[in-house]
Amino acid sequence: MQKIGVFVCHCGSNIAATVDVKKVVEMAAKEQGVFHAEDYPYMCSEAGQSRIAAAVKEKGLTGIVVCSCSPRMHEATFRKAAERAGINPYMVEIANIREHCSWIHKDMTEATEKAVILMRAAVAKVHLNAPLMAGESRVTKRALVIGGGIAGIQTAIDIADAGYKVDIVEKTPSIGGRMSQLDKTFPTLDCSACILTPKMVEAASHENITIHTWSEVEKVSGFVGNFTVDIRKKARYVNMDKCTGCGVCQEKCPSKKPLNEFNRGLNTRTAIYTPFAQAIPNVPVIDANSCIKLKTGKCGICEKFCQVGAIDYTQKDEIITEQYGAIVVATGFDTIKLDKYGEYAYNESKDVITSLELERIMNAAGPTKGHLERLSDGKAPKEIVFIQCVGSRCSDDRGKPYCSKICCMYTAKHAMLIRDKYPDTNVTVFYIDVRTPGKNFDEFYRRAVEDYGVHYIKGQVGKVMPQADGSLLVQGVDLLDNKQILKKADMVVLATAIEPNPDVRKIATMLTASIDTNNFLTEAHPKLRPVESPTAGVFLSGVCQGPKDIPETVAQAGAAAVKVIGLLAKDKLKTNPCTAKSDELLCNGCSQCANVCPYGAITYEEKLINDHGIRRTSRVAVVNGALCQGCGACTVTCPSGAMDLQGFSNRQILAEVDAICR
Amino acid sequence: MYRIAKANLNALYAAIAASKELYLPVRSAGKTNFAAWTEGAEVDLDTLKTVRSPKDAFFPQSENLYTCDRTDGKISITPEALQEKPFVVFGMKACDVRGVAVLDKVFLSEPVDSYYAARREKGIIVSLACSRPAVSCFCQTFGIDCAAPEGDVATWMAGEYLYWLPQSEKGEALTAELAALLEETDDAAVAEEKASIAAICDRLPLKGLSLENWGAAAADKNFDSPLWEQLYKPCLACGTCTFVCPTCQCYDIKDYSTGTGVQRFRCWDSCMYSDFTMMAHGNNRTSQLQRFRQRFMHKLAYFPANNDGMFSCVGCGRCVDKCPSHLNIVKVIKAFGKEGV
Amino acid sequence: MQELIHRAKSLLESGEVSRVLGWKKGENVFDVEPAFFATAEELENFVYNGFCGANLSKYMIEASTWEGKTLVFLKPCDTYSFNQLCKEHRIDREKAYIIGVGCKGKLKAEKLGAENILDVQGAGYPDCSDTLKVTTLYGEQEVAYKDAMLERCHVCKGKEHQVYDELIGESVDTCDADRFAEVAKIEAMSPEEKFAFFQAELSKCIRCNACRNVCPACSCRKCIFDSTKFDSNQKANTTSFEEKMFHIIRAFHVAGRCTDCGECSRVCPQGIPLHLFNRKFIKDINNLYGEYQAGVDIDAKAPLTSFRTDDAEPGVGRG
Amino acid sequence: MPVNNENWKPTIVAFCCNWCSYAGADLAGSSRLAYPADVKIIKVPCSCRVNPMFILRAFEKGADGVILCGCHPGDCHYSTGNYYARRRMTLLFSMLDYLGIEEGRTRVEWVSAAEGVKFSETMNSFVEKVRTLGPSVRLGDLRCKN
């Protein structure tokens, strides 16, 4: 029989304005087993918590119900408070009378009635709570970073600097990511490569960092502190140890047709290639889909010219298995496909390009060697129109509902750079809003308008029409002047929305990390835990969590690293004690529970069972508490009810049901 | 002796139901069981044996004993009201009527079970002779004459009439109440019917079933017999035999949570069940052999030992018909009778 | 039948098996009981005829814990249950010597008017006849064999044994009805009709647990309706709810494991068509997750312990 | 059995998984998206924790509607839990329909932590549906209704 204390929080007026907390206290006091009930303005405050401790001491409470905000907010707080007061932390239950009650109901009578019922359900549950002890599990002091862009690189360097081993898995042949594709960066106009390359080199040469490029995460099992990850190292067909990066193979390769991914397909590359000059590692890969030797067996030119004998056509994909304590997702982004935006004529005209393509065109290592020219005829454009929010802030299902955040600034950057380098080229920007909330951002934008004469028009473009003479007719609207605009242009640049790398879905599933409707990974808490995933041991770095620019990405990368370091610094972790447990007297040994366990936490043993004096040897299920994550799938599969979940036992949940329905 | 035309029985039922509850065999979803009579109910007096016995009328499968309620921190206890309205159980067979006598031994001896006693007081038994006894019947073994059933009123179906004979004060009173529907007649038809029934009873395969080696003396004698080991094996440990039996009287007491309290109720239990008389330390009978033995030893040895030789089996044969494994009390009686001990 | 007895005796004598699990003569031709035989003399009471409906697989759970092998006679449909129990580690295949016996359809004595039967001719095996001659207390009658068969024999899954060591005796195909026709008929009813139908059937339930205890899939050491784990051991029969809860949950617990052996309906003293619950789940599983017959493949993934990412959503097809 | 009594309030039990739907309900709360107070939420770690027994028990004790909310298929915190829950509930609901229990009394809805709006809309429409059906009598135990 429990002695239960019920503590009702006002949460200032958040609860008390809608729920009659005194009434809840009054009703609680009448519940069976309730020996103490009180209310307080802020239960979570120091003073509030010490009231709990005082009541525990005075009344000898064995269980606690706090009627307050969501347990997702303060369950941990109250469990700690209980522990300090000398009660097992799992003897605490929260009745959520804020998010699930006071905030959604207006009528005080109704809300109070509901709060009383929620309180009763929690009291009914606590009656059946049992003290639970957290177990311990070891921490593997090594981190995995998925994605080798600036986010992944920065996270890896920060973790490595703290003295922990880090592996980066990058699916392309080189680390560097999107940032390596950029020409200049806003708002300082630094050369992107100039600031990124040293970081890449630092990562590559760091004694604690291992880089797996041309590799993908294949399988993840385990849990925080103890992940086991299979990494597929795709066949490179080039021996990394022998290759000197001389580049002869690429010069000689006769297969020159594949589109150059690094240059966004604006030109071609060879079948054996390094994506860009500063690639790390500076070892080419052979694109098996284009390589003549691999496709037909004839050719072998690269092998012939390679002086160190690094070419190896017999290489196979290799799966390596590694142990990690923490995993950081830094999978970055891509621009959305524009297939649904036929009005911009992106697929019709070579002179309608995305901003990222413009980056490559502006870049000295790009398809035009840095000359601003039309891809259709190589002529210098004299009229350029930028269109903002292509696919961003979109209310229909063609695009994304969110703001891609970086477009306003990079468009200002592009416009400014063009006006600077090609003063006789006119630049017009169609925008919905210009958003410049960042350090030196608005100043930067104003310079584009005021100093560089970029023509900003508030309004949307309805249609881009390729003309017979090769020019483009842009039909838009000027909302400030309230008039239709028809503008002839030589080039149209689309500020295309960004979206999480499409592979993130697969990775999130492997990691059991949740993703939102836009495929961005979900944070454990949007404000208070923005770099952690809800899945313990999985952290978020960069745009995989939400649109952000480079400094924000680097900041988040560092934050994720700190979280990882904090985890790896521990030798042991407390495990969740709310795990499944099998009653061996009832277990049939039928194996159904093991079939549904996602963690392989259930095994079977032949055991001598003493059932009230009747001895028998039986096959029974045994749960590994360190592996079990407490989902409860096994409990429902078990027909005899032998398998139960601690903290959410059958009888506890039924007690809640009964209390609600009574 | 009275009689009423079969065609007029509905009027009889209605007349009884006007002032009393009336339970009688009703066919529903393909089976005949005792149920409360309602206008339009499919009364079935032709089926010899209802699936469950009419013992429900006096000892229901589940019944409330009292209700505890805790509202506003105060506890109230309300005992279940005893049966007040008189009721008639119509169409009970001779074996089932004897079954009630067995229950009386249990529930009316000290301490008297007030719930049962109230029902016995208010209940009027109108029995019905068995015009077509069945192969599983062995009531003769227990000295029951299915042609002349006991009860407050005994009835016979013969020709186009139901013949009606009050046999007790209660029966006389009921007859008086129904006088308008009953006509006086002589015994001739009933005597003929009795003779016809007796002729059939003579041909019943279990006619000569002997209770030799049973009775009070068997309590110690049969307990350790190796025969149990062979007999119990096919037993599924279900409660079919118990729940169709007119004399099984074991019950469990449980609490049903109403949210603000409990309803304490009792419900039939079966000694065949593995959780029968479960206690904190487990069960006192740990094997199905023990449970199986208990059921038959109780009916054929312990009960007679404690009740002046009265067996707690009335030979209705329901368990013979219904056992999923075709095990039954007859096989047990015979096993010991044939082989001795 | 003599062949079966002969074979059993020789296996007993050779010591290959320690006992025989089969059917034993009763008081009457139809009250055959499942039985263990330890000696050749005992086997004189062995019987195999049209009334041997009892599925012996479940008795192998206990027999698996005994010393030595048990010779068990299994009809084709019983072998599904045997396999399913092997899959669930409830019985040990190594402890069983299985003689698969032929089946020509099994009889339900009730359909012959069981309570008055003195004798039935024509139900013997292997020489059963198309017409049964039934002698009753009240005269003789003839009944077509088919008309007296158990419901399950009309929707027989086939006469192939799924597991055996040897086969004795021929079978006759008895399937002459659509296994899911009854379920489909109910599905087509209005909710009110459905409710009325099941309410009438289930209100007969006396909670005797015969359906559960005979069921080879209900092999739990302790049923949740007997244990305190769910506060579900009420045993009560007071309202319309307990029986529904019991039968829904029982059907749910055996969903994907029930081989549709029909024992539940065979043994129900109140004649409740309990197979309609299990068969509803089987029909749904077949429709939604692909054809699945429990007891065929020991290694197959059971429908409720597996999934597809594109499974139908709950309530699919609801109005 | 629809009732005309406008004051009648249904009892609705909502099982919500801890990771998505419970958080979705929290979001509905912090976004002040109203839904009827008839809905009472029980937190479970995952939709796969919900035993059909819980649902029947709710009806037994007088619930008029039971709804189960979990992560969207593919997004389960435990990767596969809601897939099992989906099959279980599909079969259970099908059985309840088969027994003639009004189909509007049970529902499964996948609600993510980000879908406060969906949570609120789901509850509004579910309660509305149950209200039109009236008090549940086909699955209740009369003992707790007196």
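For clarity, chains are labelled A, B, C and D in written order, and residue numbers in each chain start from 1.
Heads up, the rule we're going with is that contacts are C-beta pairs under 8 Å (C-beta built on N, C-alpha and C of every residue); 3 or more make two chains touch, one makes a residue touch a chain.
Just so it is clear, the structure is predicted and the values come from calculations on it, not from any experiment.
Asks: Write down the chain pair with more C-beta contact pairs when A-B is set against A-D.
Replies: It is A-D, judged by the count of C-beta pairs in contact.
Asks: Please indicate the chain closest to the centre of the assembly, with centres calculated from CA atoms only.
Replies: D
Asks: Please report how many Å separate the Cα centroid of chain A from that of chain B, as a whole number.
Replies: The separation of the two C-alpha centroids amounts to 71 Å.
Asks: Measure off the straight-line distance from the CA centroid of chain A to the CA centroid of chain D, and report it in whole Å.
Replies: From the centre of chain A to the centre of chain D is 30 Å.
Asks: So the centre of each chain is just the mean of its C-alpha atoms; given that, what is the distance between chain C and chain D in Å?
Replies: Measuring from centre to centre gives 36 Å for this pair.
Asks: Round to the nearest whole Å and give the separation of the Cα centres of chain B and chain D.
Replies: 45
Asks: Considering chain C alone, which of its residues make contact with at least two other chains?
Replies: Counting only residues that touch two or more other chains, chain C contributes 222, 224, 227, 230-231, 238, 304-305.
Asks: By the touch rule stated above, which residues of chain B touch at least two different other chains?
Replies: As it turns out, chain B has residues touching two or more other chains at 256-259.
Asks: Hey, what residues on chain A touch two or more of the other chains?
Replies: Residue numbers touching two or more other chains: 596, 637, 650, 654, 658, 661-662.
Asks: Work through the pairs of chains, note which ones touch, and then classify the graph as line, ring, star, complete or other.
Replies: complete
Asks: State the interface residues of chain A toward chain B in the complex, per the touch definition above.
Replies: Going by the criterion above, the answer is residues 29-30, 32, 611-614, 658-659, 661-662.
Asks: Help me check something: in the complex, which residues belonging to chain A touch chain C?
Replies: For this pair, the touching residues of chain A are 583, 585-592, 595-596, 604, 616, 618-619, 637, 639-642, 644, 650-651, 654.
Asks: Taking the touch rule as given, give the residues of chain C at its contact with chain D in the complex, in rising order.
Replies: 183, 186-187, 189, 191-199, 224, 230, 232, 238-242, 244-245, 248-249, 251-252, 255, 277, 280-281, 284-285, 288-289, 303-305, 307-309, 311-316, 318-319
Asks: In the complex of these two chains, what residues of chain D are touching chain C?
Replies: Answer in residue numbers: 52-53, 56-57, 60, 73-74, 80, 83-84, 86-103, 106-108, 138-143.
Asks: Which positions of chain C touch chain A when the two form their complex?
Replies: Touch residues, chain C against chain A: 65, 88-90, 218-224, 227, 229-231, 253-254, 301-302, 304-306.
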